[in-house]
């Protein structure tokens, strides 16, 4: 899993780099992004609780993680809708292109993580936890670059 | 399960390894046919055997096939087959991932070739420069197939690379520290780490290309604020390490074969291993030498020229070390050794023409000409394929339990050497005369026709040599002399297993105390671990 | 560089005195343990002296960003390894606590790489140019964190050194950060450091690019050499084991 | 350039000979003669030798690097100077277009004065191309959205072949061009001729001129020597005086010109010119018109 995450690091690093390179500016809602960040951080926390409570993992905490993760995706979806309503789409210049590709790829990974988490057997929980922390960290980087830095 | 079913469901590393090699052979023949179509079209000036679009599809498919569906899988196949045997393990660490990676890679290949059936094979070259690869200039579905297939292959390669890393890290026999692994294992390890770091760059660029093509994103569209050069940067950040990914395991094979047939240990193992690491690191800092013809600023190019020249140093160390291994030995010229020696010479030519390209002013003339075509073929055919042929002749007895026919082997060797050099050496001159690569035809300029005809004749000889080799493999599989466990009197652990190895490779895991465990066993009076 | 010891030399007394003290102190302390490693140490000191008083310093203060990068490169990546190579094995004694605190690889890595990155933030960098005190602090911090950074790799105490694989990861990750900074300075927006006016044929823009590349390539070369020598030493250890 | 290349070639030849000599000597001298003999002396390496063949190549590449940088400075045109470009060259799928400061636009036969170093700007209208005249200049990629500069200079009058050197699609092979260098007075006269407007067409050619508009030829092709071009198709100004058609794929004969009118895809497979149905009379009229463009 660690090796796989190294590969993912390179992948997302390059996508973020592309975003930085284009330096597209559009007004993103810092609040909405902040809420999403908080959701994902909270889910990582509950993931940690779930994974660290004994061999079988903790079912309730796992459910909390799933819910928070899903809430994150819904939050992302709402943001997408707002952006598209404001005319910012994938084909609308450099910002739309890089923003949607970057967050879209991240969202897909979160979605895949959710599904895997829902069906993963207990022994796989520790690997999944690693995966989950990793994509929380990736999101933090995205948040810092896309929401904080590019708005500055 | 028996027969075909057993092969399809195989998760044993030996079977998966063989599957890798067979699929690679199949695609090698396909890629070879594409090459022959091109050589036929180029045999004389102004020929019109095939349409320009068809020609472009041919070289795109040839390049993509040879890199992604031949070189990478066959080297992975050797790794998957040999590495557990070499480190005294009975299995890969993650056997199911091993099978999954293979099928992903194969399905990627099938998807790529399926594009022919839709009538739109990709035609933008194996590095598909944007914006030519964008929907506006390549409206057909071919490039979508290309990108999707490569994404699958990338996934499969990363999977198998991770598996090899974990296997080498955790499954070694007792006593075999990382300092004692055979060089093939070491170089495969370095290669696998490189794959983990390089293939995601390809995946990122493919995702961007697909977003552009299918979702109307604007990554590479200059008119809409995109950056066409971004593709080149990202692709070559993957692409140059890729060259070493398909060369380093071949180095590893040569490092196993030359010592055994020279009856001497490899010269300077620590330097051999360290120079591999140096190559791996440097290969990430040289990608811009594929872009010297772009106006990127003189200083910027100089940086990459320096790094590109520097990479010749560790490569040179290896070549000198191989020669030094032969020096003072007792050399047996089996077919395997013949290919290994030919590798040394051919690869040196390819390496040196590479230094010419690092010299920026030379690159400003010679890049994208047939000089490049000659260079990459000396590296990838003269290097990788010759090493692979040496490897097949060396390990075939282990894999099948039978010897390859030496007489046929020699014939195929000389045909391949003759054909290869005839086909590709003249291409250096074509490049110097100004023939650019990827042209479906050319005007009747002085020498162009004659040199191209020679090249085509050489390619035909090469095909005969390869077919003879295939025939040798097929015949020896059934009629070859029985090999025995250790026909070459070799030193690494795979020769301690049965030929072919049983499902469980080793009845008892041997203990290892030096880099040549079987030498120690055969020479208890002077074991390697006794040498200070 | 019109004349040797001409006006372009910046014979700052504190620097000369500091270097002299360093060299004399070294000889005084190390004499008892033999001076076989002295050439490394003295080379480090001489380089330090040259780095801070030669015309490089004058260029770096006013004219060329790239000269400043050369200065930092020497301060952080060349001089500390030399000093450490020159340091004989000694007992930590009172320094033990300090070593425990900053000699841990994660800490030393963060200090070394963090210093490198932080000082190139334009605001800090330009502030250091404007204020002499800050500038001296900048150079000192490069030197000190440089020594700390290289401690787990080249430090005199074998048992405090990182094992080979760890050392490779340590140096490689640092190399990546350094390269990224270099690449950013080379390829990113120009005019980050407006205090520099260029010199000779070098305009401000190519000056910044050159600086970035100097950080990038020779920087990487140092890290890479570190990695390779670690690997080679690792093999060497096997042979004598 | 050629000096640098010779140097590289010489170094490469020496290294290759050293390696080959080592291989061949070992192969002959140390060949085992069949009979099983005792193992040779086991040598594991030599630190000194390894250092030798690390340091010597290192010195060689350092030297080569210095030579490289010096040559780069001489060859390469600075990308940013105040000096305006003497010539703008644009790559199109699949033809080159040159634009002179006085507004003259010509496809694929680029005239330059001798003994003057021209600052040439390279652009692309669509995909990446590469401008390459081996005898006169370094090659330079034409990247959409970027301006790149080279020096172009011919010491002697003559015709120099050039081609596109970066794969750019179906007809990459026939994206050739020529640089025709002549002494300053001849060049100036040529430039003046190119700037002259087309003559008023007479007789059947006048009918052709009308068709040229109604059949939408003029949407893509300019016929005036100067002024804006649509960028879609090569200018046809002074067509009759040209030696080649279609970036060098055929000579400029009435037959091949007619083929372009009736079946452009047969004239140059894959090119971007659409089929325009023409009757035999219309073809004749258009031909007459085009051949009247001196």
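We just call them A, B, C and D in the order they show up, numbering each chain from 1.
Assume a contact is a pair of C-beta atoms (placed from the backbone, for glycine too) under 8 Å apart; a residue touches a chain by one contact, two chains touch by 3 or more.
This is a predicted model, so every value here is computed, not measured.
Peer 1: So which chains count as neighbours of both chain A and chain B?
Peer 2: none
Peer 1: Select, from B-C and B-D, the pair of chains that is joined by more C-beta pairs in contact.
Peer 2: B-D
Peer 1: Where the centres are mean C-alpha positions, what is the separation of chain A from chain C, in Å?
Peer 2: Averaging C-alpha atoms per chain gives centres 38 Å apart.
Peer 1: If you average the CA atoms of chain B and of chain C, how far apart do the two points sit, in angstrom?
Peer 2: From the centre of chain B to the centre of chain C is 40 Å.
Peer 1: Give, as an integer number of Å, the spacing between the C-alpha centres of chain D and chain B.
Peer 2: Each chain reduced to its C-alpha mean, chain B and chain D end up 33 Å apart.
Peer 1: Using CA atom averages as chain centres, what separation in Å is found between chain A and chain D?
Peer 2: 48
Peer 1: Specify, in ascending order, the residues of chain D that touch 2 or more different other chains.
Peer 2: None at all.
Peer 1: Can you list every residue of chain A that touches 2 or more other chains, as numbers and ranges?
Peer 2: Chain A, residues with two or more chain partners: not present.
Peer 1: So which bits of chain B are touching at least two other chains?
Peer 2: 227, 269-271, 297, 302, 306
Peer 1: Report the topology of the inter-chain touch graph, choosing from line, ring, star, complete and other.
Peer 2: star
Peer 1: On the basis of the stated criterion, which chains touch which? Give every pair.
Peer 2: A-B, B-C, B-D
Peer 1: Tell me, which parts of chain D touch chain B in their complex?
Peer 2: Against chain B, chain D makes touches at 1, 4-5, 8-9, 11-12, 15-16, 19-20, 22-23, 25-27, 30-32, 37, 39-46, 49-50, 53-54, 57-58, 61, 64-65, 67-69, 71-73, 75-76, 79, 93, 122, 126-128, 130, 132, 134, 138-141, 143-146, 148-149, 161, 163-173, 176, 248, 269-270.
Peer 1: Okay, in this complex, where on chain B does chain A touch?
Peer 2: Chain B reaches chain A through residues 158, 161-162, 165-166, 196-201, 203-205, 207-208, 211-212, 215-219, 224-227, 230, 234, 237.
Peer 1: Provide the residue numbers of chain A that touch chain B in the complex, in ascending order.
Peer 2: 3-4, 6-11, 14-15, 18, 21-22, 24, 90-94, 96-98, 100-101, 105
Peer 1: Spell out the residues on chain C that touch chain B in their complex, using ranges where they run on.
Peer 2: 168, 172, 179, 186-187, 206, 209-210, 213, 216-217, 220, 224, 227-228, 231-232, 234-236, 238-240
Peer 1: Give every residue of chain B touching chain C within the complex, in rising order.
Peer 2: Chain B reaches chain C through residues 177, 179-180, 269-271, 273-274, 277-278, 281-282, 285, 297, 299-300, 302-303, 306-307, 532.
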